[in-house]
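The same chain A turns up in both complexes below, where it pairs with chain B and then with chain C.
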Partner chain A sequence: MLTFLARRLPSVALMLVVTALIAFLLPRLGGGDPAQVVAGPDATLAQVEAVREQLGLDRPVLVQFGDWAGRIVTGDFGTSLISNRPVAQLIASRLSSTMELAIAATLLMIVMGLGLGILAGSVRKGGSRAAIDGTLSVLLATPPHVTGLILILILGISWRLLPISGEVSVFDDPVTGLTYLILPAFALALPQAAMIARLIQARMSQVREEDFVDLAKAKGVPPRRIAISHVLRNSLGTAVIVTGVRVGEILAGAVVIEAIFARQGLGTLAVSAIQSRDYEVVQIIVLFAVVIAVVVHFLSEILLAALDPRIRLDS
Partner chain B sequence: MTQICKKGPRFGVASRRSILKSGAAILSAAVLATTSVQAQEGTPKDGGTLRIAQTADIQPNNILAGRGGNNPFRHNVFDSLTVLDSETGQPRGVLATDWSSSDDGLTFTVQIRDDVTFHSGRPMTAEDVVYTLEQVAVPTNSSQMKPLVDEWISIEATGDYEVTITSETPIAPRVFDVFQLAVIVDRETFGGLQDGSEVIGTGPFEFDSWSPGASVRMTRNEDYWDDPAHLEAVEINVINDSTAMANALRGRVDMVLDLTPRDQVMFQGDPNIEIFNSPGGQFFPLGIDVTAEPFDNKALRQAIGYAIDRERIIDQVMSGAGEAASVWWRSNETGSTDEINSYYSYDPDRARALIAEAGAEGTTVPINVIGYGSVPAIYEIVQNNLRDVGLVPQGQILETAAFDQRQTAGDLGASFMQIHGLQGFSAATLVDALPALRTNNPSKFDPPRYEELKLALQSAQGEEAYAAALQELANFMLDEAFSHVLIKAQPIGAKRVEVQDLEFDNTGFLHLADTWLDD
Partner chain C sequence: MTIQDTDIPRRRAFLSEGLRRYLAAFRTPRGLIGGGLLAIMCLAALLAPVVFPGAVDAQSRDSFLGPSLTHPFGTDELGRDIFIRCIYALRISISLVIVAVPIAMVIGTLMGLAGAISPALGDAFQRLFDIILGFPSLILGICIVVAIGPGWIALAVTIAIFSLPQFGRLARGALLTEEGREYVLAARVLGVGKRKIMTRHILPNAMDPILVQASLAMIGGIFAEAALSIVGLGIQPPTPSLGTLLNVGIRYVYVQPMYTAGPIILLLLLALAFNLISDALNAAVMKTRND
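On to the complex of A and B.
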């Protein structure tokens, strides 16, 4: 396992360096000018230039990158160009909102994905299978923001069962916090759960055709035990690695879902920072998102390696 | 000395309670018909927290500049010397008790209250007023009033509670636009506005906390120089998505500001919600580069003005919440006439005749459109109208930040569709403050006659002279057709019926000192 980890670490480090470079350059290639945003749309050229100088944006890009990278290494994430607050403070104030949503959505995704996947992989009769396949197709094809709006319309506005705007931290008030989390977490988790379910279903069908399953049948192993110990156990590896990738998708989807449900998370911060060309905030959010995705992916690889000795041996 | 305005019934300062009523107009939940805000019968109740939602964040670092996000915040934490009345457009004293101008208009003196303290407990004096007005001229403070203050020779404290301004050009009436925007800041903590760590004003609410991009909280100033506010606290929630913001009115907040025409429809027929229009708002101009062929032909520029169906834009894009207009200032501006306000009305036949006169049939009209708010939707109607009269529009939607950058550089191409705020300021100020009209405007319209007429308006002393100068300038600008105002849109808001006595001034800034909750 240690050899496996040691071989993965250099690629992770390289990925972070490349990401830092992209995170720095990308916002600057998108047009627009933070000095213009700070000075306002009615500003004169002289006012914009004065603001640019004040923000240090009149320096060469390479100098700005060197300055930024140097600060990142020392743990200084910089100051927002728009609000003049430390970026670390801005991110910290939004982090818990996004993490609550992401964790709730991930749990729902795993529970629903596994449940639907096992159900879809177990049912082989025509009518039931068509119904499950149809449901999975609809869930897969419906993007989170559409699901979110439908949930708002039905459960929030028509039936008034759950709040549709804002948030209360589950650490401050667990019950109320959960009521605010249910709709956005469902909207975010459904398509991802359907994706996992599809993969488990396909893998279970594949495994069922394997020789060791036929052998188990020939030996008279009960069908229930074959389904759980042979088919399901050998199908879950796919689900584990895909779940890691899906967590990244959930974080990306949170940008839209936070906007629809008016939650003040990192997604909302990212959108407003991009709109206002707040380079300092955008850079750190991109870097942060990549680090999260890399870490989750890395963890899922470790888990997979633990589950499947072939992966460790290959490494 | 000629007295421009003295303390009296009309411009009295004894109590702010009387100065700003009628600023807002309620639209019934079903019909966009305006009426004055009616106070609930009975005594206002003290206490409660008013929860507001808006799409833009506050910008304490730009407190001296016009910013949409600051409108519900600025005049509650801070006070200005005067405010512009929403009905008359005339100044009324707040921190200023009296003001006067010399006969030649080149010296202006203002007296201020002697009983005002900042939230820090420090008494406010004339030195704070001088400091504030000097900050308006600092480029990094981004005030739209900088060109006006730049004209002033000196700003001096001529007493503990008296400030004197001198200039080489007449100071009033434009000085009241400067006063409207330049809320008095505490010179000792001005640096704290940069990151919002110290936001010290003299207003009816004290700044309590700010989570950038998320929320702001203000609490009642118990030591206010006037009667303390009824509300115990005010919370402003920032919700960037306009539809999500509208949805917040279903239990999360008491009032939402800057609703889109589309989103206000969701409250129609709801007896618990009132939709209202407030003063201020936005202009939607279509500018033309007068140096670009064939648009250097005035007849072609005028044809474009007649080709556009403004009423259709109001009906189809703004759901009725707008005003067809040809000029850049509010219709209550001194000297405004119906003839000027509706100079260009929809007349496709006349447009075709003018195009023929210019020999411009089939001309391609490249239009750069700001991708903000309703402007792209307005462009759809504009391009349809231009096609109808035989022109070939070619639109390009530009992202807001990129458009603003090109606007500041004066490089928007042959024609362009902009969006401007600052409604409610005087025409004399707007001609220098609006990018579409000021020197180095993207229309490249800067003939000596234009400068001469602008100066005449800015120098006019007295209502009669001002009205005459405005009409002459307006007729010249409209005839030259370098910038067509398509429509003006007032901000739309919605509130729970329990929210009482909302007050807006002429530029749409919200004043909450008298607001109360009937819960």
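On to the complex of A and C.
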């Protein structure tokens, strides 16, 4: 296990460093002189220079990067240039909305992905097989924002079943909160669930060809038992790893889904921060999203390695 | 043609033969429907200013009219015809992917084949692809929008960068499998130069999956424009693009559902067309491979 970790750590570290670098450079890429922004539009050249020195912007970029990364690691996320509030506070105020959505979507993704995958991998009759394959292809090809808009049109407008705009915290009012959560969570989860289902399906038909399945059949193991403890058990590894990768996509998809469903989460915070050029906020959100994506991915790899000795021993 | 040329065992040496295979894909039912659909939409987008001169911004007092013969998708909050605005929006979607995806295809393929010249460079590019793929897609788009500023160019760059890894990996995969094949070894033994092996033998074999992927990347690009424009980070209103129409349309979804449904219909039609084309290409390619 340790050698496995040692092998995977460099690429995880590389990804984190690159992300940190991009996040650090964002305000600089965004154009505009941060010193000028802080000093205000009427500042004299001398004042701007004073601010520049005060913020440490006159030092080499690499030193600034080290400084910035050091502050981030110690939990100092800086201050919004627009609202003058600490970025950590801004993020905390929006966090619960996005977490509710992300957790609901992830659970839905896992449940539906497993269910559809096992269904698709087990059904082998012509007609129903084609129907499931077709459904999966359509779900897979339709990204969350389009799925979300279609759900709005059907369930929100045509049938008026569910609310399509705004949110109520699940903690304040569980039932109403959930009705607001259903559509956005489904929109986020459906394409990812289809992806997981596809992989489980492919893996299951692959495993079914393996020798040990033939052996089990020859020994007279009942078909149901073969399906569960031989085929399914050996097919779930892929699902674990893909689930890890997909969590990042759910977080990114939340940006658009929050905008469509008018939820006040981190995504809408990021968008309004970009539009008002509040890059201090943008950089932390970008960092936040990618770090979570990378860490969850890494954790799922560790989980898979723990489950499957072939992976951790394969050098 | 020199003697050496005919002696080397090779597949599909002539571009015309390769092209003919790809064109044959458009004669299958799927290719015909997909290609036809795309051709109609391209023509409509191209001819829109001629057929409906000035109609795209023509406002009237008749806001939020329902769908009718004169306004197939009804009218929007300023009384503009939603159908005509959707057709205009196609110009942005199609122009974006037609520019960005081929650029990504060429650069990505070259980056994937770079391993043949310098293994270190090839590995470095693969690392880069890993990093790009590690970024959740929209987050990458957000970074690019911050760097360049929202608009057509930022969208094109986002689409290109995000399509790059797929092409690079396909090209590298083809390089690694074909390099070890006997006909490549034979060519090398016969003294064929590295460059010629690359262009004559490896590249044509890599092209099949890459072209199929290009068709799929176009779908990704069209959806990416919609995603970034819906949140307001792509094309900026009042310019009609499928994303900006949805951005405004979703606010009026109760009074004018067609404002949301119209752009969605076109998005799905575009995706369907490219999907059918990639299916047809894939089938045509597999068929000649198996022959």
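Definition applied: the second predicted complex is superposed on the first by the 254 of 315 C-alpha atoms of A that agree within 3 Å, B and C clash if a C-alpha of one lies under 4 Å from a C-alpha of the other, contacts with A are read in each partner's own complex, and residues count from 1 in each chain.
By our rule, a residue touches a chain if its C-beta (ideal position, glycine included) is under 8 Å from a C-beta of that chain, and two chains touch if they have at least 3 such contacts.
Because the structure is a prediction, the values reported are computed rather than measured.
S.K.: Give one of first, second, both or neither to describe whether A:Val123 is in contact with chain B, with chain C, with both, or with none.
M.R.: Once the two structures are laid over each other on A, A:Val123 reaches no partner at all.
S.K.: Quick one: classify A:Ala88 as touching chain B (first), chain C (second), both or neither.
M.R.: Touch status of A:Ala88: no partner.
S.K.: Per the contact definition in the header, classify A:Val294: touching chain B only (first), chain C only (second), both, or neither.
M.R.: In the superposition, A:Val294 touches chain C alone.
S.K.: First (chain B), second (chain C), both or neither: which does A:Ile152 touch?
M.R.: Both partners, chain B and chain C.
S.K.: Given the touch rule stated above, what does A:Ala50 touch, chain B (first), chain C (second), both, or neither?
M.R.: A:Ala50: touches chain B, not chain C.
S.K.: Examine A:Asp42 and indicate which partner it touches, taking first as chain B and second as chain C; both and neither are also allowed.
M.R.: After superposing on A, A:Asp42 lies in contact with chain B but is clear of chain C.
S.K.: Considering only the touch criterion stated at the top, classify A:Val271 as touching first (chain B), second (chain C), both, or neither.
M.R.: both
S.K.: Considering only touches as defined above, state whether A:Ile22 meets chain B (first), chain C (second), both or neither.
M.R.: second
S.K.: Now for A:Ile260: first (chain B), second (chain C), both, or neither, which partner does it touch?
M.R.: Touch partners of A:Ile260: chain B and chain C.
S.K.: So which bits of chain A does chain B touch that chain C touches too?
M.R.: 31, 152, 156-157, 164, 259-260, 271, 275
S.K.: Could you pull out which chain C residues touch chain A in their complex?
M.R.: 127, 130-131, 134-139, 142-143, 145-147, 149, 219, 223, 226-227, 230-233, 246, 250, 253-254, 257, 260-261, 264, 267-268, 271, 275
S.K.: Which residues of chain A touch chain B once you look at their complex with the stated criterion?
M.R.: Listed in rising order, the residues are 31-33, 36-51, 54, 79-80, 82-85, 90, 93-94, 152, 156-157, 163-166, 259-262, 264, 268-269, 271-272, 275-277.
S.K.: Can you name the residues of chain B that touch chain A in the complex?
M.R.: On the chain B side, the touching residues are 53, 57, 59, 61-62, 65-67, 139-140, 142, 144, 146-147, 194-196, 211-215, 237-241, 243-245, 247-248, 250-252, 399-402, 404-405, 407-409, 420-422, 433-435, 438, 440.
S.K.: Which positions of chain A touch chain C when the two form their complex?
M.R.: Touching chain C: residues 11, 14-15, 18-19, 22, 26, 29-31, 141-143, 145-146, 149-150, 152-153, 156-158, 164, 248-249, 251-253, 255-256, 259-260, 267, 270-271, 274-275, 279, 282, 286, 289-290, 293-294, 297 of chain A.
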